[in-house]
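Each chain gets a letter, A, B, C and D, in the order it is written, and its residues are counted from 1.
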Amino acid sequence: MTTTVIDSPAFTPAQINLIKQISIAARSLSLGGHDDFNQGQVSARMPGADTFFIKNAITGFDECTPDDILQASTDPEAPKDRLLPPEVVLHQAVYNARPDVNAIVHSHAPHTLVLGATDLQLRAVSHDGAFFEGRTPRFTMTSNTILTLDVAEAVASALGTYPAALLRNHGGVIVGKSIRHATVYAHLLERACALQLTAERVPGGYHSSDEGDIAAKREFNFADLSVRSYWDHCSRQVHRLLPLYASGQVS
Amino acid sequence: MTTTVIDSPAFTPAQINLIKQISIAARSLSLGGHDDFNQGQVSARMPGADTFFIKNAITGFDECTPDDILQASTDPEAPKDRLLPPEVVLHQAVYNARPDVNAIVHSHAPHTLVLGATDLQLRAVSHDGAFFEGRTPRFTMTSNTILTLDVAEAVASALGTYPAALLRNHGGVIVGKSIRHATVYAHLLERACALQLTAERVPGGYHSSDEGDIAAKREFNFADLSVRSYWDHCSRQVHRLLPLYASGQVS
Amino acid sequence: MTTTVIDSPAFTPAQINLIKQISIAARSLSLGGHDDFNQGQVSARMPGADTFFIKNAITGFDECTPDDILQASTDPEAPKDRLLPPEVVLHQAVYNARPDVNAIVHSHAPHTLVLGATDLQLRAVSHDGAFFEGRTPRFTMTSNTILTLDVAEAVASALGTYPAALLRNHGGVIVGKSIRHATVYAHLLERACALQLTAERVPGGYHSSDEGDIAAKREFNFADLSVRSYWDHCSRQVHRLLPLYASGQVS
Amino acid sequence: MTTTVIDSPAFTPAQINLIKQISIAARSLSLGGHDDFNQGQVSARMPGADTFFIKNAITGFDECTPDDILQASTDPEAPKDRLLPPEVVLHQAVYNARPDVNAIVHSHAPHTLVLGATDLQLRAVSHDGAFFEGRTPRFTMTSNTILTLDVAEAVASALGTYPAALLRNHGGVIVGKSIRHATVYAHLLERACALQLTAERVPGGYHSSDEGDIAAKREFNFADLSVRSYWDHCSRQVHRLLPLYASGQVS
């Protein structure tokens, strides 16, 4: 069972707000280079909920509005709206495996994809990479679109307790405890991969942060307050560069 | 014999629609980085027709409107409008060799061009490459503009039954059964080459999808329904970022 | 003690002008690719002053207005406004160590960051690099955000009398005798690093300017008059591409 | 002796038109990535004239209007307007050495600059490179700004009868028989260098066009009619993306 914002004015204010945040997140991902036609998804749920909201199968990150967000059940057996993206099973599997996760991004961001196609370990070249070093397992069972629950559960299993998994020859899956976290982490991952791919190609090698610095960066630079500050900046960028409505009525 | 949309209001609604789609395709190619001054062409025909529509010699992808599209015969011996691009012979040769082809893109897209200049085989680094691995023959007889029928037929021969050919030190030729398919394939090819060129330069090599995944991707990700969905997204992008008319009367 | 422009209309015209210049500098840095969410700072002081003006902790380079600039003391022991960026200590330490410095940029500009992560010496590939060759020490004590005075003083010590320091796996610190100088130098450094990183990856090596040319470039291309001319161009670019106010009342 | 368009309404219609073309050329160069603050120049003369028109020292390519164009003598001994760029001597030396040259571009375009810093020979990776292979001598006497007539004459001597010279660790000088030719050639050179730098970094090497193809490309793709067609496209792009005036009164 699925419903759009417009179909169901009965959503709670908190749910309406979450739906708006998902559409802002989608546009922020577009500004960060995550577009690949209309492929990829971003979803989020209220903590503990057995339904979640997700961008539909047709809409691109770059054009997403609250009306393009659908509600879906975390139960893979529940009937599915025909506009749900086929990869909704990936979101279901991850939500069911990870009670701590309330938002998921799946995209084909180019640098994430290329790093995922190599055997390179993600390194802490910058703050961005420090968040991810040692925490981006590769999923190598298949490089295909995630269409079935068993494959989706295998991705969730590969992801484990980590914030992201690299889907080899496919893209990335990035998760967080809120839509803010997942969106910021998706930006961090793409930037970390871009910087590392540049550093890898320079003769003579490069340094990355040591364990102590990585721990300190995770504590300070990626504290909840920091993530909220980055998200707020992303949201303001969307409102300036890719506003949801010409009249700007979405706040 | 050639006629513009404005010269001949007698075109059928289906032909008018095709002409509009060609101009949207041209602008989508521009957004995808296919511009090289006003060089390159995009053309399409109604299935089975012995005429086709093609961007004229003067107009760039980035500025193409329906008024910039000319009609041409598939017969290389037919008289030619002086505004037809000299490479119209390439389109004629391919249409005559490939009854299944109803649209052709020829461009100097930079990553396609550079990959074509190497001896590298296109690999399935991402979904994009999966569509093309083993299906992009190189045309190496000449790197020149295709000005004569015999060279055009040699390109068509090199292309064979494939969706694209790399013209060494020149660019690419991409074909499809509709303007939607050819445009989407042209985007796929440029993105596949860009991702692979990045992966090639990373020490330690990279993986690409195996035969089973490639087959599955071709069946699912590049099914007609998927291609239509990608095209519709391209079309909406053009309407937002590079609209044909300020008043937006072309739908 | 800190005050915004709007809180304190008692600022002198020269101070108001400096505050406006800082917000223009921030936007120019954004146009030059220095954005990393809302991270990084730019600050400036009137020559000899024991206070300085600095972008607050929340605002990104891309969106900075005069209202987003705070005043801070150069005394690390003075009480701090809660909106001051935590790295304000870096600015305090550098101002105290360098009476000749009246403006500081700290950013995570990508090419500066990657070059800083390597052991490569910055070379005079272009005019830009000529300004910096032999004058960009690396700070390697920590790659973390500069949160304490002792670390900030260690950065100031590494910087010595130079115009910039590379903070390994973190970013860059660029200083100048005016906001114009520091901003122009930050652009020069990012461009120098970008050009060198491209040159490093080309087989066969590259040349860089010799000592005589470097000396001549520093005297002519980076004379005060030249720097002012570059800054004025940056300022006009900001007014065209990223204006502070729709009505353009800031001159 | 120098005069601006506005100072001297007595310019002939042909001269006024040339001045407008120079400002369009400047903006087209900006769109092609030739900006480096306000550095670089573009100049042109009426065939056979002993004066020429040149962008002033203050204005960037991106913001150039007809009012920013100055007239200068080809005689290096003639008194100079203080707003003339110091490198006006380079233009004087080339005009005096090359009666066939009626327009000159000097810029710090990044890929041209990096290729110039290497010992690589420019190769015919694409049509663009075919125009230049074997015709881009390197000037290595100095990498400094060209401030004196003797250095300017040495550049002219290195340029010889060719369409461009690479100024090692400085940038490029591109010449043509008209402003249209010089502008188009400057775009070709930057694109040729960008494509080659990508190809150079790919393992396994790359092919370039053979002598026969190069000759054919020069005859067809770079015939006067082709160059005019490319220029006209550049001009339309400027009017769309970077118009000289909001009201668009310059045609």
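Assume a residue touches a chain if its C-beta (ideal position, glycine included) is under 8 Å from a C-beta of that chain, and two chains touch if they have at least 3 such contacts.
Here the structure is a predicted model, which is why all the values come from computation and not from measurement.
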Could you work out how many touching-chain steps separate chain A from chain D at minimum?
2
Computing the C-alpha centre of each chain, which chain sits at the greatest distance from chain C?
B
Superimpose the Cα trace of chain A on the Cα trace of chain B, which carries the same sequence, then give the rotation angle to the nearest 5°.
90
Same or different residue numbers at the chain C/chain D copy interface, by half rule
different
Separation of chain B from chain D, taking each centre as the mean of its C-alpha atoms, in whole Å
32
Between chain B and chain C, what is the gap in Å from one C-alpha centre to the other?
46
Multi-chain touching residues of chain B, meaning two or more other chains, are 201
May I ask you to sort the chain touch graph into line, ring, star, complete or other?
ring
Looking at the whole structure, which two-chain pairs count as touching?
A-B, A-C, B-D, C-D
Given the complex, residues on chain A that touch chain C span 124-127, 130, 184, 187, 191, 194-195, 198-199, 201-209, 213, 216-217, 220-221, 229-230, 232-234, 236-237, 240
Chain C partner, complex, touching residues on chain D are 36-39, 57-58, 60, 62-63, 108, 110-111, 113-114, 117-120, 140, 142-145, 147, 168-171, 197, 200-201
